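Note that subunit A is present in both complexes that follow, paired respectively with subunit B and with subunit C.
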Partner chain A sequence: MSQVLSPLPGTFYKKPSPDAAPYKSKGDQVAVGDTIGLVEVMKTFIEVKSDASGTFREYLADDSCPVMAGQPIAGLE
Partner chain B sequence: MTLKILNPGLSTSIQDLGRPGYFHLGIPMGGAMDRFALRAANLLVGNPEDAACLEAVFMGPHIEFQSAATVAVTGADLPIKVDDEPREPWTSFEVNAGQVLSFGFLASGARAYIAVSGGITTPEALGSRSTYPIGALGGVNGRPIQTSDELPTGGSSGPGAGRSVPRELRRMPGNPAELRVLPGLYWHRLTEESGAGFFDDEWKVAPEADRMGYRFKGGKPLKFVEREQPFGAGADPSNIVDGCYSYGSIQVPGGTEPIVLHRDAVSGGGYFTLGAIISADMDLIGQLQPHTAVRFVRVDMQEALAARSHRRNMLQRIREELH
Partner chain C sequence: MAIQRLFIANRGEIAVRIIRAARELGIRTIQAYSEADADMLAVRLADEAVCIGPAPARDSYLDVGKVVAAAKAAGADGVHPGYGFLAESSAFARAVRDAGMTFVGPSAVTIDRMGDKVAARQAAEAAGVPVVPGSKGRVETVDEAVEIADQVGYPIMIKASAGGGGRGIRIAENSEDLRKLAPMAQAEALAAFGDGGFYLERAISSPRHIEVQIVGDGTRAVHFYERECSLQRRRQKVWEEAGATCLDEETRQDLCRSAVSLAEAVNYCGAGTLEYLYDPTRNEFYFIEMNTRIQVEHPVTEMVTGFDLVKEMILVCGGAPLSVTQDQVVKSGHAIEVRLNAEDPFMQFLPFPGKVGKLSLPEGEGIRFDHFMYEGYQIPPFYDSLVGKLIVHGKDRADAIARISAALEDLEIEGLKTTAPLHKALAKDRDVASDAFHTQWLEPWLEAGNLTRAQTGG
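Right after this comes the complex of A and B.
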C-alpha cells in the first residue's frame, strides 16, 4: 500500500475539468507517472503524478479543498 | 563554475535586490519577495548582499554542482539535502563537484533563497539579474530556470561550512500572520464601519497570490461612502481616476478581495488603494502559503518607521554575527 503526496500547497482537484470524470476510480491500474489530480496555485494548475504503481483505492483529499505540501491525496494498493 | 539544473521546481527564478528606478516607466522593481532572507543567504556564503540567488517557491529545484562551493538556504523551511544527506537551514554548508542539491516537501513558509558563493552571474538587464517574466527581463533569457539550464556563478569556494544565523534573527511570519497597514490617500472612501471591519476580519491568502500581487479572501465586502464618480473614473465605487500605485499598496477591486501589490506589480491604474503594508512587513508576505490566515493591523507613521528601524537592526546584527 502506498500514498500519492501533493508536492506543493494549493487547491486540490480530482478532475481535469469541472465536467470531467475523476482521473482515477477505485480499482484502476496506476503506473508510475500517471496523473492523479491537479493542484492550483499562482494561477497555474500543476499535475500531481504517482511515483508508485499499483491499484487505485481512494482519494484522500477532497475536491476543490486546500492541501499542504506533503499531504496524502490518494491511496494505492 | 556552473550550476546544472536537473529539475527546476515550480517557478524557481534568479533574483537579487531588484531594479529600482524604472517604476515610472511601468517596469517594476522586481527582486526577492523576501529581501531579508536573500541578504542573509548572501552573507552566509560571503557574497555581497545584493548578489543574485535562486528564489524557489513552494518546491525546491534539483541542482548538480560542477565545482565546489559554499551554499546557504534561508527563508521557507524546505528540507535541504546534498546527495540525500540533510543540511541545516540558515547555515552555510559545502557542496563538492558532482554533488546534487535537492529539497524535500515544504514544511513552512513559501519561498526559499539558495545562495552560492560567488553569486549567480547571468547577464544584468537594467542593472539587475532579477527575473521579470512578463517583461522578459533578467533571469535566463527573461524567464525562470528550466531543466538543463547551466547557470554561471562567480566561482569562489566561499567561507566554508558552519556559519549560521541565530534562530532569533530568522524572521518569518506567525500564524495567523500579522501585516501592519498604514491607511492611505483613499481611506476616506470607506465608511467608518467598513474600515474598522477590514482590520477586525480574518482573511486568508488566495491561491492565485504571486509575485505581482498577494490576494486575500474571506473578510466582509467593503462599503464605500456614496459619491458621484468623478469624470474619468469607472462606475464601480472602488474605481478612481487612474493614479499611481506604490509597492505594498492595497487595492480592493469591487470592494471584495484586497490585493497587496508586490515586487512585480503594475505601477498604476484605476482602483482605489486603502493604504499600504509597511515596508518592514513586505518580506513576510513573500513567505505566506495559500490559505494562510492573516490579520491586518492598523499602525501610524511613527509605528511604521519604528518597525523599519527594528528590521534594519536585525539585519545589522546578522552582519555583525557573520563578519
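Right after this comes the complex of A and C.
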C-alpha cells in the first residue's frame, strides 16, 4: 500500500478538464510516472505523477480543493 | 459624489497600492480578502477588512454577487477593482452601480465596447486611430483576398472569422501563397468552427508592444505618454519602460494624441491604456486593444511624470474633473519596472509559493518597490505569482538600466525563488542595452540558454 503525495501546495484536480473523467478509478493499474491528478499553483497546472506502481484504490483529496505540499492525494494497493 | 469609503476588490500589491492612494486622499479603506488571504499586508494596512469567501478565486474575488454584497454590507460608497479578477467585467461594473456605489473605472457600456475586439477596432477607426491594415471585415473569395493583399502588402495573415487565441491563422508570403492557403484556411475554418469566413491582416514580423496611458473624466482625456513593454514571456510582460526610446518625437506625439482622441470619442472615465503594435521598419503604429483599468506597469509612468494615477482615477470616478491639462503633464528621464514573480527561472519558471524570510530592499533616490511582502509571510499558492515590482527612474535609458542593475543587487528576498536572476541577466544583455528587441525576442533568448550562461558566467 502506498500513497501519492502532492509535490506543491495549490488546488487539486482529479480530472484533466471539468468535463473529463478522473485520471484514475478504483481498480485501475498504476505504473510509475502515471498522471494521477493536477495541482494548480499560481495559475500554473502541474501534473502529479505516481512514484510507485500498484492498483488504484481511492483519491484522498477532494476535487477543486486546496492541498498542502506533501499531502496524500491518492492511495494505491 | 466623491468617494468616502472605498472597498478594495482585489489583493496583493495592487491592493496595497490602492490603500496608500486612498489614505492620502483621506478616504477610508475596506479591504476584501479570501480565507487564504487573511494575513496579507493589505488586510493589515486597511482601516477595515471583510472576508468574502474561500481560497479559490471563483468563490471569492471572482464572485460578483459576494463582492458586491460585502461592499454594500460594509457601507462602502465606492469599489476599486484593481487589475485582473473583475476589473474588466462589465457585469461587475453594472452590479456595483446598481447597488448604488461608484465603480472606479469606466461605465459597463464602455468596458463592453472596448473589450470587444471588433467594436474597439471600429471605435478606433471612427476616431481616426490607425489599426493593423487589412480587409474591412470578411472576405468571401480568393480573388477578393488577392486584391486586398496587393493593397495591404505581404506577408499577410489569414484569420478565421470565428477563430480566436491564435487558432485558424496562416501567413502568406506572396500572392501565390495566398491563392494556395486561403482555400485551405476556408475549408479548415468551416470544419473547425462551422463558418468558412476569414479576414486578412498585415503580418508584422518583429513588432514592438507600445502602449499609451490615459486618464479621462468622461468629457476630457489626457495622456501620460507611452510605455514600451515588448519583453514578454508567454504573452506576459516581464520588464516595462517609460518611454519608448525607439520612437522619434513626431511619432510619439502622433501616438499619444491618437490615444486621447479615442478616449475622448468614447467619453472615457478613469485610467486606461491603449495598446499598440509598432512596426519599426515602417515607423507605423496600429491600435490593437484597450485595457479599461489601471495596469501592473503604471508605476513607470508615475516615475517619469511625477503624477499619481491611482489617486487621479479615484477622484475622476468620484465625479471630479481631471486635475491636469495636457500641457501640465511633463515627462522627465526614463523609468524601468521589472516584475518579480515567485517562480524559479532556472526550473522552467515553476511557481514557488514559499514563506518570506529576511527581506533586504533597495533604497535610494529614484527607486520604488511596490510589493505586499513582510518577513514571515507565507505566499498563498492560489493566485498570481507576482510578489513585487522594482521600479527605477534614471536621467536617461542607460542610466535607468544601470540603476535597475544596481537595485537588483541590493534586493534580497530569503525563502523564495524569484525571477530576479532573469532581470539581472537582462540588465546586462547587449540587445537590451541597445534597445534592439521586440515581442518575439525574449522566448528564443531563453531557449538559447542565455539565462543559464549569465548565471554561470560563461
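Remarks
Going forward, the second predicted complex is superposed on the first by the 77 of 77 C-alpha atoms of A that agree within 3 Å, B and C clash if a C-alpha of one lies under 4 Å from a C-alpha of the other, contacts with A are read in each partner's own complex, and residues count from 1 in each chain.
The criterion applied here is as follows: a residue touches a chain if its C-beta (ideal position, glycine included) is under 8 Å from a C-beta of that chain, and two chains touch if they have at least 3 such contacts.
Predicted model, so just to flag it, every value in this text is computed and none were measured.
In the superposed model, A:Leu5 makes contact with subunit B only, not with subunit C. The partner that reaches more residues of subunit A, of the two candidates subunit B and subunit C, is B.
Of the two partner chains, both subunit B and subunit C are touched by A:Val41. Looking at the shared chain after the overlay, A:Ser64 reaches subunit C, while subunit B stays out of its contact range. Contacts of A:Glu77 after superposition: neither subunit B nor subunit C is touched. In the superposition on chain A, A:Asp51 makes contact with neither subunit B nor subunit C. Counting contacts by the rule stated earlier, residues 8-11, 41-44, 46, 66 of subunit A appear in both its interface with subunit B and its interface with subunit C.
Those residues of subunit C whose C-beta lies close enough to touch subunit A in the complex are 36, 55-56, 342-343, 350-351, 353, 381-385. Residues 10-11, 57-59, 104-107, 207-210, 289-291 of subunit B touch subunit A in their complex. Contacts from subunit A toward subunit C in the complex involve residues 8-11, 41-44, 46, 64, 66. On the subunit A side of its complex with subunit B, the touching residues are 5, 7-11, 40-44, 46, 66, 68-70.
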